[in-house]
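Look at the two complexes coming up: subunit A is in both, with subunit B in one and subunit C in the other.
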Partner chain A sequence: MATMTLTVNGEPRELKAGTDLAQLLQQMQLNADCVAVECNHLILERETFATTTLNDGDSLEVVQFVGGG
Partner chain B sequence: MQIHLNERTVSIQSDETLGTIRDRFKPEADILILNGFPAKGDAKMTAGDRVVLIRRGEIPEAAELEAQLMARSTPGVYEAVHGATIGIAGVGGLGSAIAVALARSGIGRLVLADFDVVEPSNLNRQQYFIDQIGMPKVDALKANLARINPNVQTALFHGRLDRDNIPQVFAPVDILVEAFDAPDQKALLVGAFRKHFPDRPLVAGSGMAGYERANSVITRRGGKNFYICGDGESAAAAGNGLMAPRVGVAAHHQANAVLRLLLGEEP
Partner chain C sequence: MSDQLIIAGRSFNSRLMVGTGKFSSHAAMVAAMEQSGSDIVTVALRRVDIDNPDDDMLSHIDRNRYLLLPNTSGARNAEEAVRLARLARAAGCEPWIKLEVTPDPYYLLPDPIETLKAAEILVKEGFNVLPYINADPVLAKHLQEAGTVTVMPLGAPIGTNKGVRTREQIAIIIQQAIVPVVVDAGLGAPSHAAEAMEMGADAVLVNTALAVARDPGAMAAAFKKGVEAGREAYLAGLGEQRDTAEASSPLTGFLRS
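This part shows the complex of A and B:
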């Protein structure tokens, strides 16, 4: 099975080739409605998560929001 | 030599002290502030010093008010912040405290957005009063800020923020503060603003419920021009409420991050 290595919040992470962003968030057990995502310094909005294909070498910053304010 | 006296430039003799300056310009003053810190009459002067003379209990004239309000700020801070416009999305526990802290710091203009009205359960942590119950929060906050620092200009948006209106409402801001309650709304705001204005800083809050240690609340970077204040995990939930101390800690992390950004420092 082909894999790829990405950097997620500064840590290396191995994923199955072809994984999209929505699937990665699922693996990380994060609710896609409550995260902020930056991929290679580009801001991504919720609507594009399922159509954002990840590639070997991508660098992601994923921030989870919890309720309260 | 020249010094700044109540924000005006005045010429003094090189052998003058803080006391002789008081006697000459405002003999009734009983609070003498030199470069942001109270000082005694025998303090010697250096060119460029900032002096504020205050008579305890006296409400100053409008022209002098600003200088006296900022007398205890670190010199240079007011000059750096009074031209700034800061947006605050949500003026509940976080946003109302952030607005108060920034108004007290001398921020020039605040864009305040919130759909809600003041209700009794807000008063355990939000900067409102019993007699404001039922008022739109943005109106109540505007009134409270005017009583603290009338020089702060406010622009109000009373309504729900969405992907379409976020870029319009916050078009004038130099920095946006995210101060919502619901996590999906936080994410939506952060995504929409950063997408539209990737070069403008955004300071968000996440994780400040309960009464865990205050020291677990931190300010960290979450991406380009993006900072998050909170412990990142204490969600408001049944059994874990929101209370003034820890919400206030997170709010003031956010306000301090704004101040640092305006002063050119990394939060």
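This part shows the complex of A and C:
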């Protein structure tokens, strides 16, 4: 099975080739409605998560809201 | 309600904004939000911890009841603040942003130059920008000219509970303001909040004082009263301070033989 390696929040992560962003979030047990994602420093709109195919070497930042003042 | 707080054309009943950080539990946070009577609550944005994904704190906040005001805490310069603001919008927030740029972790004092730079960019991008600033009247003017919808001068450094230590400077900011002035940071007691409101501040933001209280909900209720008392006193018109006594009882008609 072909795999690819991405960086997710600074950590390397191996994924099946062809995985899309919505699938990755699901694997990470994250609700897509509660996060924002940057791929290679570009912010991705939520509506595009399911159609965003990830590529070997991509760098992702996945953020969510936490308590703050 | 006639005495509403209006920010960027939107009306709010409460003049107390509440931060959601540092609470010991979601239940304590929700109790403080509810008992504060607040309409606006702040949140921060952080990387998801992949090994320990937190339960989503937004599921505890009624988005129909509260305006969610994301902050840019953690930003050390304008570029990082702009990035966080854009991410907050992408995460589903309305384009309201509490702009914080605090390069120094020891005092967490806001960087005026980077804050102004970020404000100029974010205003152009259509954000309602609420900048956290030191109590600097000249900076406050520059930000208002750049189009920010409030200014948020600090009473004392974040989390210090010291009260309105910047009183004289905040008075000048209030006197010159063309947008609401929100005293943010350092307010540790309801009397501090009342003091800021008596001075004519339009609102205050409180977090640490509620989060560290033994009973956050009850403390939030106390702050609500402090804010309301201060506001009512400001509207009623406070007497001037004097250096000599002025009798409140008549000075004639004494019983003297």
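In the analysis below, the second predicted complex is superposed on the first by the 65 of 69 C-alpha atoms of A that agree within 3 Å, B and C clash if a C-alpha of one lies under 4 Å from a C-alpha of the other, contacts with A are read in each partner's own complex, and residues count from 1 in each chain.
Heads up, the rule we're going with is that contacts are C-beta pairs under 8 Å (C-beta built on N, C-alpha and C of every residue); 3 or more make two chains touch, one makes a residue touch a chain.
Quantities reported herein were computed from a predicted structural model and do not represent experimental measurements.
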Using the touch definition from the top, say if A:Asp33 reaches subunit B (first), subunit C (second), both or neither.
both
On the A-aligned overlay, A:Leu44 touches which partner chain: subunit B = first, subunit C = second, or both, or neither?
both
More subunit A residues in contact - subunit B or subunit C
C
A:Glu11 in the overlay: touching subunit B, subunit C, both, or neither? Say first, second, both or neither.
second
For A:Gly68, is the partner it touches subunit B (first), subunit C (second), both, or none of the two (neither)?
both
On subunit A, which stretch or stretches are contacted by subunit B in one complex as well as by subunit C in the other?
31, 33-38, 43-46, 61, 63-69
Residue ranges of subunit B touching subunit A (in the complex, touch as defined)
90, 92-95, 163, 179-184, 186-188, 190-192, 194-195, 198, 204-209, 222-224, 226, 228, 230, 232-237, 242, 247
Once bound in the complex, which stretches of subunit A touch subunit C?
8-11, 28-31, 33-38, 43-46, 61-69
Residue ranges of subunit C touching subunit A (in the complex, touch as defined)
19-23, 29, 42-48, 50, 53-54, 56-59, 68, 70-71, 73, 86-88, 90-92, 158, 185, 205, 207-208
If you look only at subunit A, which of its residues touch subunit B in the complex?
31, 33-38, 41, 43-46, 61, 63-69
